Amino acid sequence: MSIQHLPLAPELAVSDWFNTPSPITLEGLRGKVVYLHSFQLLCPGCVAESLPQVKRIERLFANTDLKVIGLHTVFEHHAAMTPVTLKAFIHEYRLTSPIGVDQAGDGDVPVTMARYGLRGTPSSVLIGRDGTILHHAFGVEDDMAVGARIAMALAQPVPAAAGEVSDGNCADGRCALPGTEA
Amino acid sequence: MSIQHLPLAPELAVSDWFNTPSPITLEGLRGKVVYLHSFQLLCPGCVAESLPQVKRIERLFANTDLKVIGLHTVFEHHAAMTPVTLKAFIHEYRLTSPIGVDQAGDGDVPVTMARYGLRGTPSSVLIGRDGTILHHAFGVEDDMAVGARIAMALAQPVPAAAGEVSDGNCADGRCALPGTEA
Amino acid sequence: MSIQHLPLAPELAVSDWFNTPSPITLEGLRGKVVYLHSFQLLCPGCVAESLPQVKRIERLFANTDLKVIGLHTVFEHHAAMTPVTLKAFIHEYRLTSPIGVDQAGDGDVPVTMARYGLRGTPSSVLIGRDGTILHHAFGVEDDMAVGARIAMALAQPVPAAAGEVSDGNCADGRCALPGTEA
Amino acid sequence: MSIQHLPLAPELAVSDWFNTPSPITLEGLRGKVVYLHSFQLLCPGCVAESLPQVKRIERLFANTDLKVIGLHTVFEHHAAMTPVTLKAFIHEYRLTSPIGVDQAGDGDVPVTMARYGLRGTPSSVLIGRDGTILHHAFGVEDDMAVGARIAMALAQPVPAAAGEVSDGNCADGRCALPGTEA
């Protein structure tokens, strides 16, 4: 049984994907560090600050296995921010990382946004190699802090994948069942 | 006959107005200085630079008779930038000056944009008290230059309105017919 | 007798000049608009904000008769900001307009600074063509406002110089004695 | 014998210290990460960019064992940048980390600057817990990269100090002589 101190990041619920040939799941990315940023195309702070920062993140960590994923979490003005408008937005702002449209929920708040309990946009979630939430933020944080935090996450060792025979689980003279010790 | 060195600003062709109780015409604003700024809601330079500059213009010249007017000149991604999306955009970006939707033309370029020969967005046109185009720019110019140019335009004397009896047309010992001498 | 609503700018008291072949007096500049900026080389706000703004002023108004003059008004750390250090500072920061060292006074505050009643650095004083103080500011103002204010000052007519025979004083069918009507 | 792939950081040669009760040596800081920044008080890029960045570094890593040290490496205008002027500069710019005056050398370039082969100011050197140079830069790098790099350095394990009895040198069932295995 895995000893989990940090909460496991809930899976994404996405109705449309852009900039990726096939749908993406967090489960499929286990072992990598994921920077998930939630935005709305009519959110001034997202356009002015968080999306440019995401580009700086992509550039700085281009040679690492960091995976940057955008999530269009529309919780207001739904008729104004359709996938048609999002597609043109992605084109005009030259966004190149995968971006998913958060699946519509029962009320105004979409499904993934609710699962993560995000308070608004922009928000970001840093997910560690073991799939746990290392940090989440509402609003934009300083570049230096963001860079430091991602670097720390990348410095964590890659956990042994479930079902894979690995010496990584053997330590201190004993071997654990796969996936039970991070 | 009016001696006109600068070109007269063509009239606006607008299909929808926001932030004004009734449609606006340049003719109705004759005597005032007009700062006309053309933008698209998915234009990165407009959102990041020209619209914030327009707000600084509005604030600095709040106590003058400068009239600031926005023009949503969509020439691409028409389906992505509808009046519904524009309305939410105006709300989210807290734009308070009158904004008109440039009337659709035969091709992609809307009517007013074609009349002025604008090359893209953001563009701005400074119109003098006599209705002539004092300056037009494609892209964003430095704040200092913009402030200086508007101040110079405001410093020009208000021309006598047509049909109004005014001593202003009498100078150098002779009186001209109203509207014939700027 | 001149009708003077605004206070006349006091003359400069300068012990050392840089970037000028001969000493400068405000009296000698009468007829021009003067932008006088007061700074100290160890003043963080001067270095970060006002001196870069002065460069933008110089660039924008290069083709006008605006005269930009710097004044090194040391009122603290006198031993740390000597003319030797100022000279290297001017070189390193590539300042090209004339800069005067405000003459030492009886106490810490130098003579010109005291005459103008400046409250600290950076300060700026805008002097009109007639030698009056049009505006003074402690701290840095927005570029747009600065540009507008200088443009307004430049738009004022050049007053007839005292002792000079000029038609400029003749208007409305009468001629005034030189210098009596701005 | 320690296997050393990266060059060991040369010791500092300092003639005057500010912001520290006693002189500092890199040797005395072994085990900590050191961020050494070289500047001149009349260097525009230092004042505008690197010193503000140093403050952001100090703030972000305040709760770590990162040691930030400034080095006043005057290689020109020596008469203009004396310790008297530096002291006032430190006061006015509210610099709080220890700052050393790089010891005068035979020519214009001071001793420590020459030892490190610094090409100019601003420069920075990141020194790892084991005293090796992890990174050095001439000019200012992006905040995000700086934050990531320092975080990586902090994530390195603290090496066992020479002469100290430590279990840290015992691993894998064997104990090494102090200082022989990083």
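Note that the chains take the letters A, B, C and D in the order they are written out, and that residue 1 is the start of every chain.
The rule is short, and it goes like this: a residue touches a chain if its C-beta (ideal position, glycine included) is under 8 Å from a C-beta of that chain, and two chains touch if they have at least 3 such contacts.
Keep in mind it's a predicted model, so treat the numbers as computed, not measured.
The chain with its Cα centre farthest from the Cα centre of chain B is D. Centre-to-centre separation between chain B and chain D, using Cα means, comes to 56 Å. Measuring from the averaged C-alpha position of chain B to that of chain C gives a distance of 35 Å. For the pair chain C and chain D, the distance between C-alpha centroids works out to 44 Å.
Counting partners per residue, chain A has no residue that reaches two or more other chains.
In terms of which chains touch, the assembly is arranged as a closed ring, every chain touching its two neighbours and no others. Within the complex, the chain A residues that touch chain D are 56-57, 60-61, 142-152, 155. Touching chain C in their complex are the following residues of chain D: 42-44, 47-48, 77, 79-81, 84-85, 87-89, 91-93.
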